[in-house]
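The following pair of complexes shares a single chain, chain A, combined with chain B in the former and chain C in the latter.
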Partner chain A sequence: MLKYVFERVLAMLVTLAIIVTMGFMVIRLMPGSMFEGNPDMSPEQLAALEAKYHLDKPLLVQYGYFLRDAFTKGDWGTSLKLYPNVPVWEILQTRIPISMYINVYSLLISLPIGVILGIVAAIKKNTWVDYTVSFLVVICISVPSFVFATLMQYFFAFKMEAFPIIYEPTAVGMAKLYSLALPIMALALSPIARVARYLRAELAETINSDFMLLAKTKGLTERQATINHGIRNSLLPLMNIIVPMFTNILGGSLVIETIFAIPGMGGMMVNSINAPDYEVTLAILIFYSIISLSTILLVDISYGIIDPRIRMGGKK
Partner chain B sequence: MDKPILEVKNLSVSFNAFSGTVRAVRNIDLELYKGETLVIVGESGSGKSVTTKAILGILPKNGRIDSGEIIYQGEDMAKYKEKDFYNIRGKRISLVFQDPLSALNPIMKIGKQITEALILSGKYDKKSAKKRAIELMEAVGIPKPELRYEQYPFQFSGGMRQRIVIAIALASDPEILICDEPTTALDVTIQSKILELINEMKAKNDLSIIFITHDLGVVANMADRICVMYAGKIVEFGTAEDIFYRPAHPYTWALLSSIPDLDTKEKLFSIPGAPPNMLAPPKGDAFAQRNKYALAIDFEEEPPFFKLSDTHYAATWLLHPDAPKVEMPEILAHRIERMKEANGIVD
Partner chain C sequence: MLNVYTPDNEKYNNIDKSKFVLVQAEKEIHDAKFETKAVGFFKDAAMRFIRSKISVVALIGILFILFLAIFGPGMNEYGYNDQNLDYINLPPKIPVLAEYGIFDGGRVLQNRRVDGLDDTSRYPEGCILRVFNEREVKGVKMCDIEVDYYKYAGIPEDVVFWFGSDYLGRDLWTRMWRGARVSLFIAFISVFVNVFIGIVYGAVAGYYGGKTDMIMMRITEIINAMPQLVVVTLFILFFGTGILSIILALVVQNWIGTARMIRAQFYRFKGSEYVLASRTLGVKDRVLIFRHILPNSIGPIITRAMMAIPGAIFTESFLAYIGLGIRAPESSIGVLLSQGQKVMQQYPNQVLFPAIMISILMISFNMLSNGLRDAFDPTQRGA
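Right after this comes the complex of A and B.
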């Protein structure tokens, strides 16, 4: 098991290094320069600035400087355009928590709801319950989350006044959760649908498996067999879709945050690309890579915990 | 003989499939007596597994019992609801599956798979259930049962998994054990060991066994009585001697001929053609198309059972008094003669 974890972590670090390198190159190679087109600056000033930030050196040398600063000083660079002279790390610190707050909550509520809907649909397969669930699933998967967000904002917040229309930055605790309820729900709909659809298919198949039949013939009731064998065995493959689900939430969040005026990572990403503000873009890229890779790592490790075949190094 | 402990009367089972209704089992009768091994033999698709599933009430959702009774302990199980089976399955009647590789839950410990039903039935607590499981594992010949108890199916070989499946079936001391081709997925040496084990368990636990197979050669040493099934119907039944030494139905002849010879190791011949499509069972005798002895009437009308002796019946028009006299293939007759001599049997 330790060896397994070690391998996973190593694989994750290698992937991260590749992403950072490629991200760095691509961002710097984008057309336009950070200081170009500023009418207030003379060519001499421009040259001096570029020299200060090593922008006049070849790409690889720039990369070398970046790595040196990042590793030796923990310095991820400074924003030059969006928030001049504020260290990137400080900017992220103010933005990450609120984004993660709604993203993680979406994930956390979508898993149990999706699992329950999927189980109900599978057990009541081909009844009106199943048809209703499947219908809702198709809608929630095919309609993008910002459409739900806008509709919810209009009906629940504006018309019914049940929720605040936009985020209230001063709220804390339950009040904060309440003021973010709509974006969280809007983000959760599609993951709920994905989980439900996946689990329904898995469980329906597991229910017909030989070991379910054996469970029944050895005297388990339908319910005991479904819980002890069916559900547990179908949760395993569910781990496969958690990663794409979470990245789906992260992606949806970029837009949803703008709709509800949430000061998270969403708006900043787009702005930093347009500015352009290299360091901020790169930092955001690295941040999202780390989040996704950690999710993958977490899923891989839990796989090992649930599935003995992987834990004990047996063949799959 | 006394009353049978399990009696199937006129059972018919069909499935709703996309292309229509599959009539998988058609009007079969079975009797299982206490302490005997009843073998049901037939080609793939003849409805053997479906029969056992109907008995235990585990037919797939698209299957249903059209008619017939399954009498056990004075009650008709064909009328049982799912709930009524909870006291039967595993506890009174157990089933050993065809494929040990997929019958065990891949992510549950072997020990738990044996004790699970015991604990849920409320008769055992955790500790006594474990004790029982280890006894059972020992009885079915698993070395180091304490260690094995904590392991997962992927750490077991096919033969060992089949032993575990048998241990699970025996855990609650059932009265009837149904073995649905328990050795088809195993190699020949393991096969005979598993059969020995079943025989041993039968004697020890006072079991009555229904044993399903498509290979008569496998069961020669354990069968008391044999039912031959073809296309969802029973075509001949009798004691093991009746079937092995005095087979009367051309399909039984064909089955016997397809067993490889013990001495020469060669098959006499295999049955030409394929079983009929059960979506539309043919008129008359379902075997007629593949039967070189078929009479005109075989294509018109289904043959009734003709009595050969008190224990031996066969459904073929060849036995009708007006039918032309047809003998079994000579080569098969020779082989039977040799077997009789080898076993010291005289008619």
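Right after this comes the complex of A and C.
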């Protein structure tokens, strides 16, 4: 097991290195200089600036500088256009918490709701309850989160005035949660549907299995058997979809954040692409890669822990 | 009562002997031929498909949107990039429906003085549709009114925008269906390329197995390990925005799923007797792969392609939102949504129509692929 984890971490680091290299090359190979088109700058100033950020050196040397700074000083470059002269790392530090806030909250509220809907649908299989849940699931999975966000913003915030239209940066505590309620809800709909669908399929299968029949023959009531044996057994595999779902929510929140003017990673990514401020873009891409790779790693390792029947890393 | 012949049944005693004929005096004895026609694989699937009403409704919905995406932009006189700054941000108006109070070009104007409503220089005759919310503010009678904005703004009678117009005076009906066309085009082409690459790759890996398979699967694992968001972003940054680079960006990772599925199918079938038989007869590898084994997976392939289409549409609009979408004058569902979202509070029609359309499209495709999966593989029903 330990060897397997070690191998996986190594593989992850290799992938990360490939992504960082590719990202760096792609972004530096973009046509044009970051300082071009600024009429106030004399050629001497331009040259001095390029020399300062090593932009006049060959690409591989630039990459070497980048890696050296990143590893020895934790310096991921400096924003040049969006926030001139602010280190990218500092910008990230102000942006990550708010993104994480809405992501974690939407995951937290989607789990119980999804689990309950899934269980209800599975127990009442082929009744109107099941059909209603399945119908809602299809809608929530199909319609993109940014369409939900737009519609919610229009109807709940603008027409009914039940929620603030955009995020209020000054709010703290419950007021902050309240001002972020719509984006959290919009992000949570798809995970709710996914959890419900997965759990329904899983539980419907478990209910028909032999050990459930045995439990009932032993004298357990339908309810006892379902709660103690059925649900417990079908909740375990849920772990496999929760962690990747987090990556999904993170991707969705890119757009949701711009819609609700939340100063998180999403808005910064959009701005940095449009500015263009590639140092920032690169840092964000690396951030997303790290998150997404670690979730994959977590899932792979958790397989073995959750269900010991799955032997990790075994050859045959 | 059944009329069965028994020797003691009096009813049959007096039948004339000449009426009896030997059935098979000269005829050959053989099994009766099937009277009904044989039901083939596709007919079988089609029968199951039609039985599920939801899938049929979904199919009709998709065909309807496809029809409008093809013919919609040509239905009125506007082009998708005809700008007219005299007609910006108009509300939707459809002449036939206007009499019933919907799509009447109405827009609510708030806080108007009641005594000013008769002033025809400000409110041309017949432009006021509704007066409501009358109230008194500091002794002045105020009200909100809904006006036919076309008459209010003095736009000629024959100028009508069915779904309204945007901030450059472009017709939203034309742009919306043009956008649907572009989005569907991107989705279909990218899925087609995905499936094509996936089939060839998966077939080779699955058929040859062993070391070939091992190496090919490791390659897919490496590609798949990168987060899709990052890959797509880098790809478009590198190749620039445009239909082609979006299609390519959608292909980079998505073919892997198809390849894995095809590979699994090949592992299932390549050991069967009929494959062994054809190999004994000297059939070439290429023919075995594409004529004998591949057709077994035609059902899952179609289902998978249908499932991939909404994903592609989603990614396209997602890219439009983060500023990596289709280039400026061209329209797509994502471009319309992200443009409309910015002016949503003033002109909700600019985002509502594309939002409704993309929702119907996505739901229909998901329903359709569910129906297709059940039709091709009934054992998976409801999973």
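Note that in this section the second predicted complex is superposed on the first by the 273 of 316 C-alpha atoms of A that agree within 3 Å, B and C clash if a C-alpha of one lies under 4 Å from a C-alpha of the other, contacts with A are read in each partner's own complex, and residues count from 1 in each chain.
By definition in this document, a residue touches a chain if its C-beta (ideal position, glycine included) is under 8 Å from a C-beta of that chain, and two chains touch if they have at least 3 such contacts.
Source: prediction; values computed, not measured.
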item: Overlay on chain A: chain C relative to chain B, clash or fit; value: fit
item: Touching partner for A:Ala193 - first (chain B), second (chain C), both, neither; value: neither
item: Partner chain in contact with A:Lys218 - chain B first, chain C second, else both or neither; value: first
item: Which of chain B and chain C A:Leu238 touches, first, second, both or neither; value: neither
item: Touching partner for A:Asp210 - first (chain B), second (chain C), both, neither; value: first
item: Touching partner for A:Val115 - first (chain B), second (chain C), both, neither; value: neither
item: Winner by number of chain A residues touched, once chain B and chain C are compared; value: C
item: Partner chain(s) touched by A:Met268 [first = chain B, second = chain C, both, neither]; value: neither
item: Lowest inter-chain C-alpha distance for chain C and chain B in the superposed arrangement, angstrom; value: 10
item: Partner chain A, residues of chain C touching it in the complex; value: 222, 225-230, 233-234, 237-238, 310, 314, 317-318, 321-324, 337, 340-341, 344-345, 348, 351-352, 355, 358-359, 362-363, 365-367, 370, 382-383
item: Chain A to chain C touching residues, read off their complex; value: 11-12, 15, 18-19, 22-23, 26-27, 29-30, 138-139, 141-144, 146-147, 150-151, 153-154, 158, 165, 201, 204, 247, 251, 254-255, 258-259, 266, 269-270, 273-274, 281, 285, 288-289, 292-293, 296
item: List of chain B residues in touch with chain A within their complex; value: 56, 58, 60, 82-83, 86, 89-91, 94-95, 97, 99, 102-109, 116-117, 120-121, 152, 154-155, 165, 168-169, 171-172
item: Partner chain B, residues of chain A touching it in the complex; value: 208-211, 213-222, 224, 228-229, 232-233, 236, 306-309, 312, 314-315
